[in-house]
């Protein structure tokens, strides 16, 4: 413990400790993973090897993991923006669903007319619909001061019911047994890097390009600065002359837009059709990633790859060794609880034990 | 009339209280309250009146000293202890829950002091206070502040306290309502209740009280018997004190005193309401000349807060206009725009919650004002700000080890230095400084004042302060603000302190 | 307000356009995904088992769902009696099945059962990639070009459903027969139609009631739906989806009145022995054993399995407890047994009717 | 149709009451906790875990009442963990609640599978002994009313006492103190109302009631445990509280309406109204809540300090 306090005195930076918290949380999660492998009577090294093989050990695994990571990361990038501004957008799930619905509708209705413009148009529309879905709770927050946590949560369910209605009603593939839409036309499939693996250029480029973009926006622009100040204190933001309402709206709209884009990628790059199975709790996993990634885009990038690896790797372990599926979700919960606990703990310790300057 | 041989009901002996941050709010105050008297507690803002009330009602705990009740020493752990002894407090800011209706609030109070709410007495009191019964179902948030104030008083009276504290009860009442309140208080006195009446209005104190205790800067100055022979100006001098006179001579000399006649900030006939819809500004006028320090002095709650909020775009005003340089605003939608055009700086008095972003680092906090000035661009020139931060740490003697330190690791004085430094570093043409030295230690106070003085010249400073001494030591001109209006203006060269204090405390010109 | 919303929408539009244009257009378009490229895959996963034939089954929902349970039970039986190694994984979404199949292939599994309709397109694609591996696709469109290494099977158990309907027609007192089912899609319609036809054949006065719970597995919904049927006076319910048993059982326990339930896919007689009259059982054991023995012998051919009662594919399993107690009159049993024999010998044939049962049976009521 | 109308309505009401039972247990407890300013989004997780616990215990000891009790107690345990997370560690209530829910939904399925394993029974592992319908003698023979009100689940009989209890609490002095905590925790604290103590007690009560709601699902309604057995019921309960405007009676009514809509959707189909997609009726509570919030934002104002953790300043 003493060493720890020395570290605080040595470096009065919360940032470092937050990163430490994330690393520790991942470590604790890993320890629990190993423990559960042990409890399931699986050779631990074999189990870990399988997790590796299932996540990053083969071409296909890499492709699948990165594909999942792109969607998670995109949602998370958006959440970084709104969480930084102190807007608790729990509704990424709904915005993602709406984005997926929008891109499906565009692809199915305009598929044969547009040719090369289909992909960009579908993306634009899903970005707009995702943003619009986020705009509703944003306006409610700004105009009527209604808690955004509650409204975004409810909007998730509404989106889910809309999806469910569309795939059993207007959009349903009449030849299918299942509630699902027909396949979107071939020209709407996102171009793949290696044709047999589903990883596509668009997702990968977005995964890699958006992280520095978000980083620049948050760290190097005046807009990012105003987001941070708003997240720290609304009164300070008002005092500094920031248009608080506009900034809140913009932040939640951006996060909705990115979640909507993630929905489009899921349709055009992964599923190629709309089905209830697109709802996989990505909105909530996105929250986990955002916080484990310490509200930092590079952190989110790493965390999303890590989370996608874990989901895929654990799934592989589960399927080969007959462990009940659900382990990945348990780990998500543990990550989230530990990372935020540790962050608050560190913060508390800093405020309690570190020196106050000037007294 | 109370006699000197009346029984002493409540007494404090050498009570002291120091707030965190080092402000000594009470310094060995001994105070006594007799049975069946109305005792006025007079003093400026920050004289320690409210602190004394809070200690006597169990909200705060004294650092040293004793409280005697009926001659027995008591220690209040929480307000309940005080209430159970029959001490009722009418607070300056009504302690009513805005989202509850009136009845619920009364019920809550009854619950807390473990008494039953008697409906007949409630109806009776409502009649005396001339409040309609239908008010009971209305939410506090929906009521005008005068009725709120009445409810707060009624709430306490309903349970027949033996000792009644009234902390500035008249601030939200009209003169007629004040008369009614005084009649009620006199009736209570007949019932042998003891009443402490806290005010900064000399006239009210003279009118209602049997005895008057004057506090100044945490110290008891005097306790006077009010037998109708006390003079207002005598009291005013006692309240303000002689030390302020000394401050005038201490003023830093040799700096440009005569400003040009160009007006940089003009306020004309400003009318504005507070959050509750009460007019707080009732036709305020002011002209700030280039290169001068203009102090607006007055007792808190006379519209200063609203004035600053109007000037900085945080509040809309109903009538009148504000002119920055050549632009006339009938309402300021975007203060940022004003800041960018005319380089206006603003030093807030709420430095912890408003002045800084507490969770962020030093570097981010010094960029705060630049959001408006440079924020229309996209990118931040970080290197420039790092350089500026380092310069500021050196120049303003801010005790921060490096620019990446979290602001909440700095002490209050350091934070204030940071704010002042930040607002000065943008080379503003106008600074609106709201109580810039409130709560600071002597050394920092002098430092901040000297910073403001040295900025004068290129910069015009509008100083809003409740501290007459500060105004006298800094300002070129002083405007006295009373009840939302400017009642008088003085050049700092010819100060008649007695008149000044009288104007400040009772609005007489 | 409107102006502001337009303003925000405009901002969004711009953001969207920029992102879309930058990303969408400037990207070199790769080859559209094709279905027939074969690659060799290096295996890094150690083989979990050596020796017996390994079969992997992929389920889309938990194995508690009867559709899954039928295969699960057959596989467990095969594991004990035929000496195979059986592994399964549940709750695999359609998007993930590609990865899951590949990892099973890598781990050395020779026979893979993607046991859901939603998997069919992936199965076609992956099966073409791995011609040496046998895929048994549980339900899928029959008009698709299935590769040779795919066996397509589905719960074409309409003859047993017909039999169940016949029973229902015979024992109903109120002449109201209900069906709780999932979605109005072909395979389900097939069963519902057969059931109602059976009931009508036995008793022309029967009025059918059909409720779609719009979910493949949701016992509460099924239960609530069943309660509404019971309230309407329906006294035999075909529980095409699981959950009706609870409602009927509860109703019996509280009022003493029996509302008979017919289980579906798996033997659900034990779920509520007092009210379940019997179950339409999809017995996959002969099928699994057929696949395994033929695969071992090298004689298995891909194609669509279209078996009937004769092959043991489907059965109507009586709840003998009710028969013993005499709740079901013996003459019903004998009558039904005769029909059953005729079905097995092929004297009576139950047609597969894919149309929406509401259009066939509910018009005119 | 005309002949069937009366039983149709009777059973509709009966089913509505049956369906609202667990929902109301969860909603009413959330209402009181929210009144004290705590936003507990872990309802879903608590219900899942207690549903599983109740199931496991009942399966083990063949006693549904024991299962119910232990299941409810496990709800308390989880909720105290939630309290520790937000009050002692200082995590935001929203995140603490959500992470518990994510955690619980993984954990319960994992444990369920570990416990049941390769079950080859054709039906899900059913509980033999359950808490079933309880017909009240004589009263249950009354026409119509007997069926609606006196042939109900044991827990349905508890609805009215529960509502009554919470109504009294809500209008009592304690309720007033709780509301004060939810509105102005700092003021409440300065008046000598122990914010921490009150919130902890409420959290414990809520844990029990929410645990009960989860236990009802397994021991009385489904008779088994399934993956994601709650299916969003916890979040619907939160919605019901908002729709009910933090008022026990209105919450009761909105829970009843939800049960009614849920029971109605099948009957609508049965009567041939197939044009109305069931998704519309099911999303109605959410849509209605948002519309109500927009239209009557003032009346549907949550407690001022909802979701904000109070820390006493020393």
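In order of appearance the chains are A, B, C and D, and numbering begins at 1 in each one.
We take it that contacts are C-beta pairs under 8 Å (C-beta built on N, C-alpha and C of every residue); 3 or more make two chains touch, one makes a residue touch a chain.
Everything numeric here is computed off the predicted structure, so don't read it as measured data.
S.K.: Write down the chain pair with more C-beta contact pairs when C-D is set against A-D.
M.R.: Contact tally favours A-D.
S.K.: Averaging only over C-alpha atoms, locate the centres of subunit C and subunit D and give their separation in whole Å.
M.R.: 33
S.K.: Please tell me the distance, in whole Å, between the geometric centres of subunit A and subunit D computed from their C-alpha atoms.
M.R.: 29
S.K.: At what distance in angstrom does the C-alpha mean of subunit C lie from that of subunit B?
M.R.: Their C-alpha centroids are separated by 76 Å.
S.K.: In whole angstrom, what separates the CA-based centres of subunit A and subunit B?
M.R.: So the centre of subunit A lies 48 Å away from the centre of subunit B.
S.K.: Counting only residues that touch at least 2 other chains, which ones in subunit D make the list?
M.R.: 109 - these are the residues of subunit D that touch more than one other chain.
S.K.: Residues of subunit B touching 2+ other chains?
M.R.: In subunit B, nothing touches at least two other chains.
S.K.: What are the residues of subunit A that contact at least two other chains?
M.R.: 164, 168, 325
S.K.: Can you give me every chain pair that touches, using the contact definition above?
M.R.: Touching chain pairs, listed by label, are A-B, A-C, A-D, B-D, C-D.
S.K.: Which positions of subunit D touch subunit B when the two form their complex?
M.R.: Per the stated touch rule, the residues are 173, 176-177, 179-180, 183-184, 187, 190-193, 301, 303-304.
S.K.: Okay, in this complex, where on subunit A does subunit D touch?
M.R.: Checking each residue of subunit A against subunit D gives 40, 88, 90, 136, 140, 144-147, 149-151, 153-155, 157-158, 161-162, 164-165, 168-169, 281, 284, 287-288, 291, 324-334, 336-337, 340-341, 344-345, 347-348.
S.K.: Flag every residue of subunit A that touches subunit B in the complex, lowest number first.
M.R.: Residues of subunit A touching subunit B: 12-14, 220-223, 225-226, 228-229, 231-233, 235-243, 350-351, 354-359.
S.K.: Given the complex with subunit C, which residues does subunit D contribute to the contact?
M.R.: 4, 7-8, 10-12, 14-15, 18-19, 109, 118-124, 126, 132-133, 135, 151, 221-224, 226-227, 231, 262-263, 266-267, 269-270, 272, 274, 278
S.K.: Over in the complex, which subunit A residues touch subunit C? Could you list them?
M.R.: Subunit A reaches subunit C through residues 46, 49-50, 53-54, 57-61, 64, 116-117, 119-121, 123-125, 127-128, 131-132, 135, 139, 164, 168, 175-180, 183, 186-187, 189, 191-193, 195-196, 198, 200-202, 205-206, 249-250, 253-254, 257, 261, 266, 270-271, 275, 277-278, 280, 312, 315-316, 318-322, 325.
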